[in-house]
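One chain, chain A, appears in both complexes that follow, with chain B as partner in the first and chain C in the second.
Up next is the complex of A and B:
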């Protein structure tokens, strides 16, 4: 079992790099399977519900690319001369959008796995006092992903209550109130950190973070994966040139497979806080 | 030497026209308990935030004068340096929680002080015992009820061993029992530790007997008075004080204990039966309505009718299903079981009114509303809605959503409202009821419900277990009785109706 949050963080960074660098569909599918495997033991954790958001996000670039791109030889169908979406819809455009969509899905999935396994307390505790401002921003960002979703839902509901449009088309009208709500919450949260002495002196640790041999193993595997990704030239995928992806190299496959290391001992973090109010 | 001293404090928010605090000079001696009261938007929160330096360090603006805490000048020392001396409990505990579970949250402030692990452990254990949250120590904060969260917030501040505790309306979101629990914790700290406490609180009846001074703030100006002198002059005060003033009792009792002796002299009359209720036509009918969340059932087997002309108060402890029931009737949730039929326009105003306000000015928010809805807001029309106080925003949200509805569903509409605004809200709702609208209002405010509603529903565990006129439902209840009912019994609810 991974004990130290730093091990999860290194795994997360390596996972995100792989998600954005490796655009070969075969590698992407493999990476999705790896992340599913790592996340599977934590599937009951509420954070893992963010996968659904990742799936929704993944569809957006596919639709945009398919509807707006008029390139590609493998035509799916042709729409008559409708402005913007009229013309030939191609498999190349779908594949290009899917490549971006899977990268987005993987980003959300990696963050969901991190959120399920790493307590923000431990991450804040990792930061030295000299990074007080960074720590504040970091703590804010950790707390704000779920709060932003809740605020967005509250604003959508509020529009509905006022008899206004509440679908996706109303999203631009929600941007300013959402930003204001988030800003207000961020200020309150920052004030709370200040009022409780955050950054006033060198922090001590109530629950010292422990290391296990497996933590070192995960960090080593993740760093190797990261180096392989960064050092080896990525295998680009351009469906407009060739719809069929090339076979990935052994090193690329290895860099992805190394990210499966946490799944070797995937017992979820002990959680004694399951009682409901 | 005073623990807290304010000398000529004057403060104006950035871009505000007038000062939020206007020449405040006062002091708090060690061990004193101060009750801070004042109308919505009068500057209560601003004053409290001066005490730990959040004003002006976090807010900016023009600050003049001097605030010293334990001899430290807040202009020189940052809020994080004052954190160990002033424990601050925010109005919304969720805004102050940094971590996920209770014990880590308690340790957070201590870690910031750089204390040894052994010292931290000792302080946490002591604080847990003082605040009575041992059963919660391993819980995730997200799973706690409102009252539990507030107690954890107090414990987190207390664990730092501050010289003074500052609480900004700590019970505003709590049901009567949870509010009682939280205030009991505060009063126990005062009694056991001699903790200097400054508390802004609208439910003054619970705390008034225990305070040394009352600070009354209005338009940024502060009056520092002895409790009896302050309550005699008006503002938020316990109902027994209203009764005492009518009866001419002297000295004025501040709590039930003092009032009981004098109350024996009051005539043993029994109030008249309330007028027959429910003469209007049915506007909504609920038939065995049910709804469950994945983790728990929220509403179970609720059958009732709502009629035009009724103002119905929906009461119950936090988490009893009140909000879910309102959302089901308001159409933001779909019933999983049972049937619901409603007529006319239904409007639901949620607890968090801020989400309802999007526009750049109050004028824009009210665009398209009839003149009588706009009239009360004339003074605010050019203002940015989110710059209004919590109580003012609540009023505006009710106006923009519920202005012309036939069935108004209001969730905690009196949260953060001062007595004058509450009275205005009562008048507004009664006027709407008289014109044929129906109201269903989830509230924890027993005194306001007794004054405003002509029907009360009590909920627990998703079920409605009591339904009737306020005099029947709110009488002789341990939790939901008004202060006058606790004093006199016999069906009396409000000070103004008791024959003297």
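Up next is the complex of A and C:
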């Protein structure tokens, strides 16, 4: 199993590079399969619910590209002279938007996988000593938004249990309780940091990060994939030049398959420390 | 009766198309690495009131007398891949790497050169217009400043050409920066020899001026097998991962 967050970070960087360097639809299909494979063992993790956001992000470029681009030889239909959207809508524009959308979907999926596997505390622990305080504050500020949403949902649930309205019209009545809840959480954060001696002495590690053989295997595979993408990258897919994508080379296929390495041992580790703040 | 006939004749009579000649100046600026003359000036004469940008290039006889190789983006938006044999050979699918050098289109205005934003067929040229083409990387650079009289001297050869019948245009190598007698610059013998004698339509140019055509080879099944194998491998791995229980 993957124990070190650095292994996940290297995998994430390699995955993002593969998603954006060559947007060949055939390679994108394989990359989607790879990310699904890596994310499947964590499918019950709340972070994996973000795929809906990714799907929405994937649809928007298709609509924009098809509606605004007037280039392409494979015409779907032609609209009369309506401003902006009038003219010939082409398959090339749809293909270009789709490849952009899938790249965005892959970005969200890669980050969701990272969020499901890497604790923010572990990422902060990776920082050098000089950046530790800044990193801690940054991680806390990033955690503030999801905590606010969770508090908002908890307040809504409490109103429902009391038989009160829970629609958007009830939102103004939730502002004050939400503000009080967030202030209380901020105080708890401060007390927690104070109790752990934040900023008063050298940083200690409650649970030192360890390496496993599989971590090295994943890092090696991800770096190899990254190098293959950067060095042997073929001519990027451009549907306006040729709508049909070219068949990927063996090197491109290998670089994508190497990214599936974390899925070979997909059982997630048991987390004894449940603090994910 | 005579008066009616005279009036009818006056209304219906049109002067012949070649009754008046119009001239447009064409400036072609090659890249710094081009071995031949870097700048070419051509004075193109035509009978119509206006001609398109591609017709101007055809009449000018660039590309060894053949029409320039164009790429159709669809919707009538053609762009030029090769002019005056640059680049040779023409890159794959016209442009090769998307960031490579390419021809950019400019037209002269009283305030200087302005880049064209339409395809080569998206505009028309009239008498006295100046059209410029430069071969540069990524974002095009405008051609050097030039006046119409420099390219189309008063005593220029007057060979009237029409859209359908191409005739040699006045071809001259542009003077260097130090030259003071631009109009009297000698005509390049090579370019004179390259003047066209037969008109070719723009669509046939792809077959004529492109790289040597080869018999298309049937697509190999090997890459498809590799792709299918990779996809099957990932689907199989997904089935295994699906059976695993999540946390």
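Methods note: the second predicted complex is superposed on the first by the 199 of 277 C-alpha atoms of A that agree within 3 Å, B and C clash if a C-alpha of one lies under 4 Å from a C-alpha of the other, contacts with A are read in each partner's own complex, and residues count from 1 in each chain.
The rule we apply is simple: contacts are C-beta pairs under 8 Å (C-beta built on N, C-alpha and C of every residue); 3 or more make two chains touch, one makes a residue touch a chain.
What you see is a predicted model; the values in this text were computed from it and never measured.
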First, second, both or neither for A:158, with chain B first and chain C second: first
Partner chain(s) touched by A:47 [first = chain B, second = chain C, both, neither]: neither
Partner chain in contact with A:108 - chain B first, chain C second, else both or neither: neither
Partner chain(s) touched by A:194 [first = chain B, second = chain C, both, neither]: first
Which superposed partner A:7 touches (first chain B, second chain C, both, neither): neither
Chain B versus chain C as contact partner of A:242, first or second or both or neither: second
Contacting residues of chain B [partner chain A, same complex]: 49, 52, 54, 57-58, 78-81, 83-84, 86, 88, 90, 92, 95-101, 103-104, 107-117, 120-121, 124, 138-140, 143-145, 148, 156-157, 160, 295-296, 319, 330, 332, 347-350, 352, 354-358, 386, 400-401
Interface residues, chain A side, partner chain C - complex: 26, 29-30, 33-34, 36-37, 40-45, 70-75, 87-88, 90, 92, 235-236, 238, 240-242, 247-250, 253, 256-257, 260, 263-264, 266-268, 270
Residues of chain A that touch chain B when the two form their complex: 119-121, 124-125, 139, 143, 151, 154-155, 157-162, 173, 176-177, 180-181, 184-185, 187-208, 272-277
List of chain C residues in touch with chain A within their complex: 72-75, 77, 92-98, 219, 223-224, 226-227, 230-231, 233-235, 237-238, 241-242, 244, 246-247
